[in-house]
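The data blocks that follow each hold one structure.
The following pair of complexes shares a single chain, chain A, combined with chain B in the former and chain C in the latter.
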Partner chain A sequence: MWDDIVEVIIGNLLYIAEEYTDPLPLLVMYYGLTTVIGGLIISRRFVTLRRDPMAGSFIGFGAALLGFGIPGIYAVHQLTPEKALGLVDEASTEDVQFRFDTNVLWGMGAFGFLWILLTILAANTEPSRFLVVVSGGVYRGMLIFLVAAGLSIIFGLMDVLNFAQGSLFMVGAYVAWEVYGELGDWRETSLGLAAAFLIALIAATVVGTILGLIMEVLFIRPTYSRPFFQVVLTFGLALILREYAISRYGPAALFNVDLRFPDGSSTILTGLFPGTSIQNYWIFMSVIGFIMIFGVQYLLQNTRIGIIIRAGVQDSDMVEALGINVRLIFTLVFALGAAIAALGGAVASGFLAPNPDIGDQFLLQAIAVVIVGGLGSYSGTAVSSIVLGITGAIASHFALVEYSSDALGSTSILIILLIVLYIKPTGLFGRAH
Partner chain B sequence: MRENRLHRRHPLVQFLLDNGIYIIIAIVMWRLPFWLGEYFDKPITELGPRDVRGNVALSWMAVAIELYIVAILAMSYNLILGFGGLLSFGHALFFGTGVYAILILMTQYSHSLMLSTGMALGLSVVLGFMVVLAAYRIKGVYFAMFTLALAQVFYELSRVNLTREITNGDDGIRFIGDNTPEIGLTVNRLDLYYLCAIVMALTFVFIRRLMNSPAGKVILAIRDNEERTQTMGYNVARYKALVILLGSLLGTLSGVLHALSSKGAEPGSLSVARTVDPLIMTIIGGLGTNPGPVIGAALLHLGEVFLSKPDLHVDLNFLVYRYTAVVDTRSEWALALGIVFVIIVMVIPYGVVGQVNKIWIQVRRWLRKFFYDPLIRQNEKLATWMEPFTGEPPQVAIALAQLSSTESVSQWVFKNPHAVLTSILVVVPVIVGFLQFDWRATASTFLFLLVIIVPLRLILWGAQKFGFWDTTTAP
Partner chain C sequence: MNDMLTVDNIHTFIGQFHILEGVTVQVPHNTITVMLGRNGAGKTTTLRSIMGLNPIKQGEIIFKDQSIGRMRPYRIADLGIGYVPEHRAIFRDLTVEENLKIAERKRGDFANRAPFVFDLFPDLKRLYHLGGGQLSGGQQQMLTIARALIPDNTLLLIDEPSEGLAPIIIERIIEAIEQLSKHETTVLLVEQNFRMASLLAEYFVIVEEGCSVASGKMADLVNDKEMIHRYLGAA
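So, the complex of A and B:
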């Protein structure tokens, strides 16, 4: 096994060295380089202005992925007005000196790792397959993120590792399936189809929110004084939800209703890259994921409740002393996390048939993502979910090609988690707890 | 309580009070196969595994064997979680190591049982050291996630095609045909039964002795306050390593026994479920107590056997249907377990053992107040006779009795209506079940009383809250 791996790596290096005429690896290497450089440049600006290096790396990464290249990144850097970034008055920007945050280094390390993987993938696959694998990784990362977002915020604010998050994902999937099945008559017209799909998503989110509220008020709130039992309690809640789903829907996956609304594969992408076929639903899931990433980021950074949440993450006693009802904020945040997870489940149920284990398989990867990103660091979670999603997709791809089994996808994420924990026990962007 | 006593009890009395229940359980464990054989009128000794199917006595013995194995697993988990204070979600790794190592070494390399066991234990030490190294740096939730990921990696590795030649994927390995090694343990169930029983008893005694030794006290101190223990000059790292390695060794030992009893290895023995089972057992039984995991294992395993296995299923609907709707517990065992687990974590976080201890202290106080003290006050000879049992010299006992208040039972009942109702809820079903000699009667009486007593307590609570029930004055 190890011989094979070493052989593959050395083979790749030789291949890149000899066959540099192939444009795809070069393109990927160019993207990787622009990512690293762009992330560094923009995060430098962000450190100076907002002290949020990860958001900077994130934008740099996005700019590189969209193909802006080094000039594009420079444009982004120049076009980002200080006022628009907010929260900083002119007087203080003069005084703040640039500190080289080690978090930036870890972020660059993550992107560099992804860059090497993408290069290896590009050198080993035909170009049409490359885009499919990468976009598969992006949607996978987005689904992981939808579970991980709630985990990350809830842990950051309340120090509760919510094992029931995966079960809420499962609840969302089943609720969307039920509602979509109920609205069978609507699905005859295309407008009705879209409306039914939207109603299914909203219903799942609402049910998830209510379930989160009930769970926080009835179970989490009375046990704040016993943190260990709180973790075990969420474990029990996950068990109950799972077994209830089994007793109601049976242990098998449900294939009866095809819940997919944006059907077919993307004609635009097929036109741009001949031979590539990417399903519209993957793009839809990725878009939902990105909307949630930036929506929650906006909520945390630019609203009053976000300021309270961020203050609560730092020192909840002090916030309570300022006359703010922190317990209410805890409840709302728990419900928010539950709602995001349920929405993720509803989105996923169009692609993966709802089954009792659907939440657990994402929960493990979400935990890995949250811990690699650093518990309590929201942007770390967002970055590592994309990085690990693509890593998992690439690992699955190679495992399918070499050993015809895709179980290595989730295993590779867990192995990365183990390595990261040995190297940096608080995760890449986490603070010492 | 023991520290407050003025004199020591008679050594024999003290020994019986401390160990009597264990002696009784040991005798029951010793005689159980023969009782089963007599009760079902089936032979239990000379049979091979193929004859298990029709033999009720042997299938009950298999239940007992599995119970001992999960009890060892739960005790080893309790050593890490309850005594060591390390929340580990990867205990299945050690169990699965034992199961797989035995099967692989014995079927593919034809090693003997003893050598394979030794190699399995050595392997578990290696894996245990991986966890130990992590435990030095990684704390709290991170440690839990580390162990979970470690176990999950091995679980996935046991299933993928990459390792198919060794672990045979999802199908697992079995002792079949030519593979079956010639060991009496896989053939003679009685030998296996006694092996498991003895290993379980030794594990229990070992952990009890360990936790009563100076090293055990240091381990408990590390659980309660690590920095302080370190400041006092103890090598915290060494004691943590001790706890984790012992836990991993005992977990592997239970895996070895499981491999012998089930005669097969499958990825399920490495899955999260194998971690969740001992976790739930430990918490239901009592976290950080010696008998807790064993009691939890017994409750869970027997409950699962009674309520979810169709062939050994005992119908709970016998009396219940008269009072409530028909309860079919067969299919919903896991759901009921989850609900019971959450209720236990919320209401009695230290499990059955913690709650029984609490109740027993209260009962002892009542017994002393209402029976022993009134008797002692008038009877000096009785006080003399009771000295070996209570450890109090007669003069002291009489003085204490005269100091205690002279409240009558009726006064106390009026003052503590909630306690009385709860006691009825617990005591009456036990008495009814004992008189009818049928545990189903206990269950149904409990449910019946629950329906009556819960509203009563709610009404009472309201009456006290709004002042209709004044508990400060006796009638």
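So, the complex of A and C:
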């Protein structure tokens, strides 16, 4: 089997080298290389001082993409000299050995791996199909992320593996579906339809938050000293929510939230970009995902509660001894995780038909993403969600072409999980304790 | 009542293990009291019990005429008790700045106390934007003490500040703690380094296998070779 895989990879690389007249694979390869190298160069500045591998990875990625590779990297590098960032004064450079955070190497390695896959994909598909697969991968990664974000922060801070995170995603999907259905009359106008959808998203998020609060206060809080009970408990809660959904909506999938006008014509939400409406919705989901990634990152890095959460991930006893009510923070974080998952479900409901298993199909992948990213590392979760989402989409694409089945999509994520656990058991951005 | 803190015959369990079996400590106002004893005697657990991190089963803890034995740790800290844990337990993923700011109990604490803290530990000002994990051991120790000084604490519980540090750094820490007690801060210190303890402390308590077995003035202990030998080994 390994011979076959090696043969395929080498064959592809040879094919790319021969087909140099086709610009797409070359372009992808060029961006891949510049991203990895540029990410390393730029992230060094952020990581040495701020210990924030994600900012470095993303800025390297963005600089390569927007600035057409090497010139973009060079520009960002020039714009962010260490002193201009205000992070170092001359005296402290004596105290600190500037060194790479090895975690960034792993993060860049993940991006590098992704770019190899993208190059192979680019060499084997039409450019239009390439875009479909990649944007499909990004949206898939974002939905995984929306489940995984709560999982990751909650696990990092409280050591609770919340198996009900997928169920909150499902609840969000059903609530959005129901609220949107209730507001059927509004859908006559473009503005009304957008408002109805927005209200559906907000309602789902609010219900998720409340459900998260109730779960933490009633069930999780009494069992912090008994981790095994918690695992069983959250699993039980997941089953109860699933059964409730079946009793209320039936075991079959509903129709997804339809963002077209009642007569079936496109709306501002479906017609934002040229092309098919499905892809536009993928882009919409991806945008929401990116907003959440950077919103939560901002919360963690720049607000007092974020500082408390990051400190609590390391040592919650000490945070409490500073006079901070850690249990209250636990409750808020649990609710925040629940809210993000419910929002994810609501956003997904515009594309995926709500069904009792809609959350669980993402839960397993979300757990894999959290472990691959490194337990307790929010940055790792964000980066690996995107990388694994796109990897899954590429694997699905090839499996569809070769075997007419897309089962390989989610399996590939688990295969990567196994490989990462074998090479670096703490995950990409994880630290050994 | 002249004592700021009275720990009266406390018993603490960790899991099913009976760690403290009757510890009594008295910490008078504006003094430095040192807790001595061998490794595993229960000194750290006593500090953690005062902080509420290892809740007591029996006994009583009185801080400024108020019983704190059954309070949650954050409420105890709110009364003005600062905890400096052993092993230089700063937050490694936070910058020096964030490590100090997280200790604010009300808005403006940091701004008010920063001049005093940076006067005490000038190094920290220089290292302000670095990650806690990038500091040396001595710098981390200074940061744990500085962190406890940001809010308005009248009592500091300091656990083994000299552990694993070079002699020159230990001198700096000694100076800093001396400075603190001049600024009307009361200190309960756990220290294995007998020289450091004798330089700083006015009163002592010896803890042996979870019980407090002796207490008194440090000046008397320094001359009592027999007691030093019995409870602390060769010193």
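Structure notes:
The definition used in the following text is that the second predicted complex is superposed on the first by the 378 of 433 C-alpha atoms of A that agree within 3 Å, B and C clash if a C-alpha of one lies under 4 Å from a C-alpha of the other, contacts with A are read in each partner's own complex, and residues count from 1 in each chain.
The criterion applied here is as follows: contacts are C-beta pairs under 8 Å (C-beta built on N, C-alpha and C of every residue); 3 or more make two chains touch, one makes a residue touch a chain.
Just so we're clear, the structure is a prediction, and the values are computed from it rather than from any experiment.
By the document's definition of touching, of the two partners only chain B reaches A:Pro425; chain C does not.
In the superposed model, A:Asn325 makes contact with chain C only, not with chain B. More residues of chain A lie in touch with B than with the remaining chain of the pair chain B and chain C. Legend: residue contacts after superposition of the two complexes on their common chain; A:Asp317 is shown touching chain C, with no touch to chain B.
By the touch criterion defined above, A:Pro222 reaches chain B but does not reach chain C.
By the touch criterion defined above, A:Ala368 lies against chain B but remains apart from chain C after alignment on the C-alpha atoms of chain A.
In the superposed model, A:Ser405 makes contact with chain B only, not with chain C. Of the two partner chains, chain B is the only one that A:Tyr244 touches; chain C does not reach it. Overlap of the chain B and chain C interfaces on chain A: none, as no residue is touched by both. Residues 1, 155, 161, 219, 222-223, 226, 228-229, 231-233, 235-237, 239-240, 242-244, 246-247, 360, 364, 367-368, 371, 375, 399, 403-405, 407-408, 410-411, 414-415, 417-418, 421-422, 425-427, 433 of chain A are the ones touching chain B in the complex.
Put simply, chain C touches chain A in their complex at residues 51, 53, 72-74, 77-78, 83, 85, 89, 91-95, 98, 101-103, 105, 126-131, 133-136, 139, 147, 151. On the side of chain B, the complex with chain A involves touching residues 87, 133-134, 137-142, 144-146, 148-150, 152-153, 156-157, 159-162, 272, 276, 279-280, 283, 331-332, 334-335, 337-339, 341-342, 345-346, 349. Note for the complex: chain A touches chain C at residues 49-51, 86-89, 91-92, 95-96, 304, 307-308, 310-311, 313-315, 317-326.
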